[in-house]
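Shared between the two complexes below is chain A, which has chain B as its partner in the first and chain C in the second.
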Partner chain A sequence: MKVLGIETSCDETAAAVVSDGREVLSNVVNSQVEFHKKFSGVVPEIACRKHIETITCVLDEALKKAHCDFSSIDRIAVTNRPGLIGALLIGLSFAKSIAYARGIPLVPVSHIEAHAYSACLTHMSLSGPYISLVVSGGHTSLYLVKDFKSFDLLGKTIDDAVGEAYDKVAKVLGMSYPGGPEIDRLVRSYKGKAVSFPRTYLEKDSLDFSFSGIKTAVLYKVHPPANKTSWEKEKVLSEQDILSVAKGFQESIVDVLVRKSIAACQRHDCRKLAIGGGVARNSRLREKLLEECSKRNIETFYPDRAYCTDNAAMIAGLGYYQPPIGTEAMMTLDATPTI
Partner chain B sequence: MRLAGVWSTLVEQKGAIGLTGDIGSGKTVFVKGLAVALGMEATLVTSPTFTLIHEYPGKTPLFHFDVYRMNDKNDVFGIGVDEYFSKDGIVAIEWADKVRPVFLKSYTWVEFSFVAEKSRKLKFFGYGDHSRVIRALSEQCENAQ
Partner chain C sequence: MKILALETSSSCVNIGLCLDSGMIFEESLLNRGSQFILGAVDKLLKDARIKLDDVDVFGISVGPGSFTGLRVGLSFAKGFSYSCRRPLVAVESLKVWASPLCRKSTNIVVLLDAKRTCVYGQAFLCQNGIPKAIHEPFMGPVKDFLAQVPRESVFVGSACGLYEKEIREMFSDSEKIFIEKQNTPKAKDLIALVLHDAKNKKIEFNPEACVTPIYFW
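On to the complex of A and B.
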């Protein structure tokens, strides 16, 4: 079965064709990074306008690369939650009209659950039950994936997402946007000492995350309070100081992610841990997970780089396993900004 | 003055609230307080820096914006901020100083600054109909003394 996936929940306009949930025939992402770079972030007005401008080209490209047309598409999967409502609606309306016009069944998919699924595109035989850690700029969640029809949310961040903490700390340290990969890159070649920062585990047994405390701790380390209202005015840190703060920050974050992921595996007696989302590319997280998981006989699964960041292949992949909705339900299907 | 009084006063007023202050000054935590005053779970409220808007449904819904990654008012209009203003709920916008022109006649403005590691100073301003928020808050202050 060939599933066409469409994704427009945030910055990326994406379309993909995936066969039987696993084999990626095409995966086209029109990254808006070039547009966003000069504004140091996502500019939603540009994001929404670009989705409209590019979605037909992205779709054509995805069909062409997969050597197929609408007649060989058996199903359409589309992200309808969570995300920016204006952006989601563009992809959803687009998918609905194709589905209706061509009589192709439609299945709505959750963007975050698709990240929890994404490792399955790279590891063809990976199946539930497994634990999935989804780490990105907007989300930090732990799921128990039993089958691909329902995902049990075990824990999530109660304040900042991990990628957001990375980017804000990078900003405090005077690095450029996006700061997450920059911290990872700089710390990788740094062998010196690390500043010790607290780890936030919340209540005992909690699988929720909190990263706003570490963000503030870094802030105070860099700019001790002396009735200042702005922290960015002073830049007196040496390069060495910056590296030791960055390393300490990363160690703290990674420790928490690793410990909670392993706790989730142990609690649900799972020997498989999948990681998804943009922060899955972080080299220290990978290294530490490998080290700690192999001690406990837990196998780790990562998606290819292309499936870590937002893409439509994961939407098409997961859409294969989830039930399509009827024509009537399709008419009333709406985008939901929250999970 | 206890912040619970501030939150319940703001929740009663409804409408737009602009929050401004540096990273870690307590803007998101303040929105958690608003959610609790609306009878919602505090853990529901997370930072929308990347996701831009979080909507928390309820009898009085709470719309939580973060314009940290935006440049000016055009970007916020691009995600339909005016539509949210016309809903019967609360619109709380973090980093509001970047997009101050989007605020209409009536709104509350809160400035956060650092005093010490676990201490923050909050300054409240009320415009239009929201000037009564400030009056209510001053009365609460006097009664507390």
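On to the complex of A and C.
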């Protein structure tokens, strides 16, 4: 069965064709990162403008690369939640019109669940139950994946996503956007000391996350408040200072992610941990997870680089396992910005 | 020629379907969201007893107007056009506003509220029932715009109520100012413009055509 996936939940316009949920026939992503760079974050209005400009060409390319036309597509999977509402509506409306015109069944897919699934595109025989850690610019969640029809949410961030924290910290430290790869790259070759930052574990046994506190902690470290009302004049940080703050920040974040992922595996007696989302590319997170998981006999699964960041292959892949909605429900299907 | 036209640039979504006979079916989605557009299209096609594949041309109003409305309308239009392999004809919303008034006057001025104390406006001259723009669209303070539009015009558009006083003051010596109270552009007027385009120039299906909305800002 060939599934066409369409994804426009944030700042990547993407379309892909995947066979039987696993074999990626094409995966086309039009990234807008260059347009958002000067704002150090995704600007929703710019994202929407780019989606509507490029969506037809992205789809056309995905079909051509897969040597497909609509007659050989059995199903269309589209991201309808969560994400930027204006951005979601473009992909959803586009997918609905095609599904209606060609009489192809439509499956609405959750963007985060698709990230939790994404490792299955690389590890063909990976199946539930497994624990999935989704770490990206918009999400930080832990799931128990039993089959691919429903995902049990074990914990999520109560404020900011881990990737967002990376971006903001990078901005405070004067680094370029996106912040995650930049901090990772600079810290990797730095052997000096790290500033010690607190780890936020929330309540005992909680699998939720919080990353707003560490953003403030980094900000205060770099620009300490002189007193309650006025701020110290901006001082020039040495390269050494910047790297020690960046390293300390990364260590704090990685510790929390690793400890909670392992706690989730142990609680549900799972020996498989899959990681998804853009931050899954982070080398320090991978190193630490490997170290801690191997001690506990937990196997880790990562998607290929192309399936870490937003893409439509994971949408099409998961769409294979989930049931299409009926024609009536498809007519009024709406996008939802939250989980 | 069968035309399916989506007018989503204002607060009221208006969808029209024109048959070879010239008969037009219309659906309005007053204060209802984008999620009902497909249902309305389905209803029109059923009422007219045709299939989406029978449609020869898709028409879309590309703004300026509601940012999200324009993009949602265009997403549907692009999806229909691409999957049925039929041409997509884009029309500026100001022309759609002006079109029905060609029966009333030869000079038409369309005035939209662009916020930030600016108007987005354009003056049209009607020729054979079709509005032709006499200058590039204007963006700026209402008074600067009104100073350059022809006298004896009919005014229409979402900003007419807002700037009625300014319009009346500017043309106080002229008796022939008329401010039209129409609130939204209509799909049937969009259809007339698409039909005119289809008769007068070659329109072809082009999947690589980059049709984009026109924005105020």
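What to note about this one:
As a convention for this text, the second predicted complex is superposed on the first by the 328 of 339 C-alpha atoms of A that agree within 3 Å, B and C clash if a C-alpha of one lies under 4 Å from a C-alpha of the other, contacts with A are read in each partner's own complex, and residues count from 1 in each chain.
Note that in this section a residue touches a chain if its C-beta (ideal position, glycine included) is under 8 Å from a C-beta of that chain, and two chains touch if they have at least 3 such contacts.
None of the values given here were measured: they were computed from a predicted structure.
With the C-alpha superposition on chain A as described, chain C and chain B fit side by side in the combined arrangement. Legend: residue contacts after superposition of the two complexes on their common chain; A:Glu203 is shown touching neither chain B nor chain C.
When the shared chain is aligned, chain C comes close enough to touch A:Arg102, but chain B does not. Counting the residues of chain A touched by each of chain B and chain C gives the higher count for B.
Once the two complexes are laid over each other on the shared chain, residue contacts for A:Cys48 go to chain B and to chain C alike.
Residue contacts after overlaying the shared chain place A:Asp60 against chain C, while chain B stays out of touching range.
Once the two complexes are overlaid on the shared chain, A:Phe94 sits against chain C while remaining clear of chain B. Looking at the shared chain after the overlay, A:Glu239 reaches neither chain B nor chain C. When both complexes are overlaid on chain A, the residue A:Pro82 reaches chain B alone and has no touch with chain C.
In the superposition on chain A, A:Met331 contacts chain C only, with no contact to chain B.
Taking all C-alpha atoms of chain B against all those of chain C in the superposed arrangement, the shortest distance found is 6 Å. Shared contact residues of chain A, touching chain B in one structure and chain C in the other: 45, 48-49, 86. On chain C, the positions that touch chain A within their shared complex are 33-39, 41-42, 52-53, 67-68, 71-72, 74-80, 82-84, 207-208, 210, 212-213, 215.
The residues of chain B lying in touch with chain A in their complex are 21-24, 28-29, 42-43, 46-47, 49-57, 68-71, 74-75, 77-80, 113-117.
Chain contact summary for the complex, chain A toward chain C: residues 45, 48-49, 51-53, 55-57, 59-60, 70, 86, 89-98, 100-102, 330-334. Chain contact summary for the complex, chain A toward chain B: residues 10, 39-49, 82-86, 136-138, 156-161, 163-164, 167-168, 171-172, 208, 212, 215-216, 219-220, 225, 227-232, 337-338.
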